[in-house]
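Single-structure report; data block below.
Here the chain labels run A, B, C and D in written order, and each chain numbers its own residues starting at 1.
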Amino acid sequence: MSAEPSASPSRTGVWLIGARGSVATTAMTGCAAVAAGLYPVTGLVTETEPFAASGLPALSSLVFGGHDTVDCPLPKRAETLAAAGVLPHGLPSAVRGELTATDGEIRPGVPLPGDTRSEDALIDTLVGDIRDFTRRQGLARTVVVNVASTEPAPEGAALPASSLYAAAALRAGCPYINFTPSAGLHHPALAAEALAAALPYAGRDGKTGQTLLRSVLGPMFAQRALRVLAWSGTNLLGGGDGAALADPAAAAAKNSGKERVLADTLGTVPQGEVHIDDVPALGDWKTAWDHIAFDGFLGTRMVLQTTWQGCDSALAAPLVLDLVRLLARADERGLTGPRPELAFYFKDPDPGAPAALGEQYAALLDFGRRLGDPR
Amino acid sequence: MSAEPSASPSRTGVWLIGARGSVATTAMTGCAAVAAGLYPVTGLVTETEPFAASGLPALSSLVFGGHDTVDCPLPKRAETLAAAGVLPHGLPSAVRGELTATDGEIRPGVPLPGDTRSEDALIDTLVGDIRDFTRRQGLARTVVVNVASTEPAPEGAALPASSLYAAAALRAGCPYINFTPSAGLHHPALAAEALAAALPYAGRDGKTGQTLLRSVLGPMFAQRALRVLAWSGTNLLGGGDGAALADPAAAAAKNSGKERVLADTLGTVPQGEVHIDDVPALGDWKTAWDHIAFDGFLGTRMVLQTTWQGCDSALAAPLVLDLVRLLARADERGLTGPRPELAFYFKDPDPGAPAALGEQYAALLDFGRRLGDPR
Amino acid sequence: MSAEPSASPSRTGVWLIGARGSVATTAMTGCAAVAAGLYPVTGLVTETEPFAASGLPALSSLVFGGHDTVDCPLPKRAETLAAAGVLPHGLPSAVRGELTATDGEIRPGVPLPGDTRSEDALIDTLVGDIRDFTRRQGLARTVVVNVASTEPAPEGAALPASSLYAAAALRAGCPYINFTPSAGLHHPALAAEALAAALPYAGRDGKTGQTLLRSVLGPMFAQRALRVLAWSGTNLLGGGDGAALADPAAAAAKNSGKERVLADTLGTVPQGEVHIDDVPALGDWKTAWDHIAFDGFLGTRMVLQTTWQGCDSALAAPLVLDLVRLLARADERGLTGPRPELAFYFKDPDPGAPAALGEQYAALLDFGRRLGDPR
Amino acid sequence: MSAEPSASPSRTGVWLIGARGSVATTAMTGCAAVAAGLYPVTGLVTETEPFAASGLPALSSLVFGGHDTVDCPLPKRAETLAAAGVLPHGLPSAVRGELTATDGEIRPGVPLPGDTRSEDALIDTLVGDIRDFTRRQGLARTVVVNVASTEPAPEGAALPASSLYAAAALRAGCPYINFTPSAGLHHPALAAEALAAALPYAGRDGKTGQTLLRSVLGPMFAQRALRVLAWSGTNLLGGGDGAALADPAAAAAKNSGKERVLADTLGTVPQGEVHIDDVPALGDWKTAWDHIAFDGFLGTRMVLQTTWQGCDSALAAPLVLDLVRLLARADERGLTGPRPELAFYFKDPDPGAPAALGEQYAALLDFGRRLGDPR
């Protein structure tokens, strides 16, 4: 977390798209806090025993920077999150030094209003920002992570912002993670470039709550040969994501991931809708209600309901840190292309991954072992 | 399901302890209905594709009998269940012939009030009943299944009724399944005899609702490195089981199974209690509420709640049929001793089994393949 | 319920718009069943002690008829409802005589496809049907009740179907009840005519589930000076109503009633949306989830969640019978105009009514006393 | 809240039994905060418009003291509550002066271990403490409020501690409120003395969550003539109350109040149990789940479930302040004896009170008007 440059090859850059958002701020603040021993490693899968020998970069070796279109200083952003109960009280001041240093590494995002530059010119600027960060900080490599607000499904030929950043990651030679349902590297215009780049990447759309549950409940119904008729869900959340997803176009991208896990684990698409409501009063606290109507033996109708009350940023942040560490190590070991081994973390994972969380976890453990294998 | 004796080696006996109870009646009625094509195979795992080549006995080849201490005729019992919505309306009359035939194969249970016979004498009577059934019906083998009401944890030296039946199964040379939390074959006095008998057996306590959920949710929390602090549960149910489990001693046996799945999947025993309330108005319909308080990243407190509304007999009956078919085939293939491969079905499975449902399912699939292997 | 004409002045007609729908069928079947003593009076407020001296028409004196655009025979419709668990098994055959008689009193609704008649001609036909029924059956009076599927909010100058029926009720001299959120007598074009008619009427939109709950929970929060920030709701239901309300225009009418009760009882409109999802697998069974975020002392955030699982027709039918009896008696006593005393039954009651259920109940009791007062 | 003595007749004493507990600390801290304008009056019914002319003592005129058997300083206790999220961060330091002053007015409770004094001697000591406080502070009057942990139902002839305090209040001439289910003034040995004292008193057991809900839902079912079959409840809470109520004897007192509201509003006692589980991880945060099975028209079975997640102290504290102000004013106006007009606040109110919250609220409003009437 040090902001001082160093020649150590073991320091890894983390370049966050949406660097002043709740998820990014929680990830950076939490990384500093856990690295300093102020908090336990709860929620960090890469800190569990099976990954001890995987050769992952230490939390203390991560150096943060990123792009954002807003300019609220990070220490102030962290205070706001603490006031809302997303971060523990007192934590922002305890890691103020690290936050201030990181704040100096955040560059303006694209496109800013009135910006008339071409797509290539925009991408070049982004590439320059990332390369400059990596060079100045003397980093072995920098992993680019999209944690910006969900954007509407792209229309027309223009590259959406998320894909401009993804293109910049490719051109800067950086492993890339899409933690959102936005297009990012999935945009067809980037397909050839992604294939040609000798880089690992993973996505998309972090699996933090309702879909996490679905990825264990769906297999349960399937394994027990129960017949799911309808799976309905309502999500209530405020914060930036609540507002962004109140846009039906943005929600469509998210919901397709939620539906996919049902289709993949149940073998059919049940009846039922998914709603994402913007409830500003809830802030970062998300409540997800699921109602599952299913038939058992002799057609007996039964119902399971779940209510998940979680803090979105606190759920997402450790997954972001996990992914950065895993993908940095994969890059170090020369692994390239999409990494379905990381499906454990995503709603809509790369092709070839299993859909049940248990199998995804087994694949992740196996990946952790491979990362640690002697060459 | 035919009531006529036959020399066919392919007919398999199913001897139910508690043969006039809800689970037994639903299993027998449903087996007849599904075998006749009146209802789909929902809930029967052994009817799914992976078990097609396992060589399991056909549903239509199962012949039912059993012991019970009450004497309500099966067709009447089935009508009562239909009136309560446990069985579909019209089904009891559609399979009345089969139910009447089975009714003729039910013998009085032990001990009846005023019975002063010794344990050995009682067991001999039970053995005689089972052997007589097997011989008269010309069955290849008979699987004994305990689906009687839960009995209190045994005190003192006397064998509890469930263990008398288990001893009878051993002496009659029958594979044995304990679908309840009662002692059955787990009684220490039967350990040596069980070991010596060249028979397969499995138990105990069918995993039908709350514990089924726990066996997929517990691993989810563990895999995500989330820290479960408290897991509280309340079960509401009427019917015979509600009344039996309102007895704290009987509930203790059941709850130890429920707790075990949490301890095994989470690695710790969280705070929280489990209640089983007798609510006669609910009949066979069981509602289970679970409240799980857990800490995420930086100690952020979150909560998951689940409400499961199911029909206990409809959940249990297909598992009983699955187990009978699997254990009958295991016996045919010469497999003996405890079968942890069947942990998928039990709250408190035989030693050596994994605790996560996904892994239990994988073990079951593997067992299904082994049962079908050419010798 | 007798289908035979009679000169008795005490027989009261009930003319149902949507006479073959679930609510109408349940009301007619249930009225016959309760009048015959086959079932207790559960759900019928007018059968409780406070209304014993109100002079209401007896259930056995109600004679049913109505309009519908579909032509499924009532006895068959009732069988379908019994198969779906909405009516008790065996009940349709027990009252088959009454259902068959009523079936003969159902006339085609308007407008049927291809019908090119003017609004006045359509209304005249409807008036003729109602008058003919009243005369042939020798009824003291006939109450018209709209229990048809919700129609979209009216656009343009044309009268929506619900208002054609309402106009017919006025012209036929019949008390009128609008149990749906459709325009009915609320259409501005009928305002003058309604005012001039010396008839009692009441509406609109029966309060059967989620809004019933809101009308007791809203006052609770207000009385305790708690600050409700967000009240979110999701309704899952199949049946005809599920499909009709999946149309956003139809749902808008319904939701405005749901919101009104919150605004009226809380004094503000909290954040939060209401969804009505069509889930065909649920049939007439409706599940409503409400999530209420509120602030207590010193701004402490708290949450109440409710889940209501009810059968829409079983909830609505006794309210329809109550309303018919009360409005028939009001007509007999010469009461005219809107009856806010019946607000207890409606989401969106006539002006002047209190919003809290307790106060609405008190007003209803008072109304019941007035109806029974000696002149 | 001033700690300085004053001759003003308008200052009112509040003597809290259990003065260092969560409820007392929240009440005192919150009173100071609201009086200082730091927080809005949310949750304080006596601050709503209908009570503006009731002549109640101002929040700023309340002076706190009390008894407790523990000796953690109040400012520290408040910090602990803030760390647990029960009080807002920063509030304890904002009102540290008031808390420190109040801390100086807390006297040791009875009986302390090893105390061998007679009941009369103990009571005399308590009376002396209360009188000394009232005199030194120059108070018009002092209201005594029991907010101590629930004690087991009394056995034998000895007065339980709660009744010793109640006797002291009587002898010191103080209005008395029992906010707990403990015996307090209800003890038969105090009946004659309570009757003879010309003092107003009220109780018992503050209605803060599950029972509050029941007092609006019970009437709803009754008014709609729905038949409640079973009402089951589970409460999860930590904190002192969780531990105290894990004692079945203490829980019995509490549960009888919870049951009473159902019996009184439904007219029958439905099936179902109430559990109170000690879950230390939840601290002062209480989750109450209720499951209500009821029959509607034609016996159709339906279910309502509620989940209430609240902070017990934040719910209780404003009610305590309300009660103190109302009873102080009642005393000033010469009202004596039990005050069923305050049933709005209690699970188990004084005889003669209605059971439905709406009617209790109406009675409270009426009481507020009487308190403000010109003499």
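Basically, contacts are C-beta pairs under 8 Å (C-beta built on N, C-alpha and C of every residue); 3 or more make two chains touch, one makes a residue touch a chain.
Computed from a predicted model, the values in this text were never measured in an experiment.
A.B. asks: Just how many steps, at minimum, does a route from subunit A to subunit C need if it may pass only between touching chains?
C.D. replies: Graph distance in the chain contact network comes out at 1.
A.B. asks: Going by the touch criterion at the top, tell me which pair is linked by more C-beta contacts: B-C or A-B.
C.D. replies: When A-B is set beside B-C, the one with more contacts is A-B.
A.B. asks: As a quick test, compute the distance in whole Å between the mean CA positions of subunit B and subunit C.
C.D. replies: That pair's centroid distance is 48 Å.
A.B. asks: Distance-wise, how many Å sit between the C-alpha centres of subunit A and subunit B, to the nearest whole number?
C.D. replies: Taking the mean C-alpha position of each chain, the two centres sit 43 Å apart.
A.B. asks: Which residues of subunit D are in contact with two or more other chains?
C.D. replies: Within subunit D, residues 303, 305, 307, 309 contact more than one other chain.
A.B. asks: Any idea which subunit C residues touch subunit D in the complex?
C.D. replies: Per the touch definition, subunit C meets subunit D at residues 26, 30, 33-34, 39-45, 47-48, 85-88, 91, 212-213, 216-217, 219-220, 223-227, 295-300, 302-311, 314-315, 317-318, 344, 356-359, 361.
A.B. asks: For the complex, which residues does subunit B have touching subunit C?
C.D. replies: 85, 89, 307
A.B. asks: Mind listing the subunit C positions that touch subunit A in their complex?
C.D. replies: Spelled out, the residues of subunit C in touch with subunit A are 229-230, 232, 234, 236, 271-273, 275, 277, 279-282, 287, 289, 291, 293, 303, 305, 307, 309.
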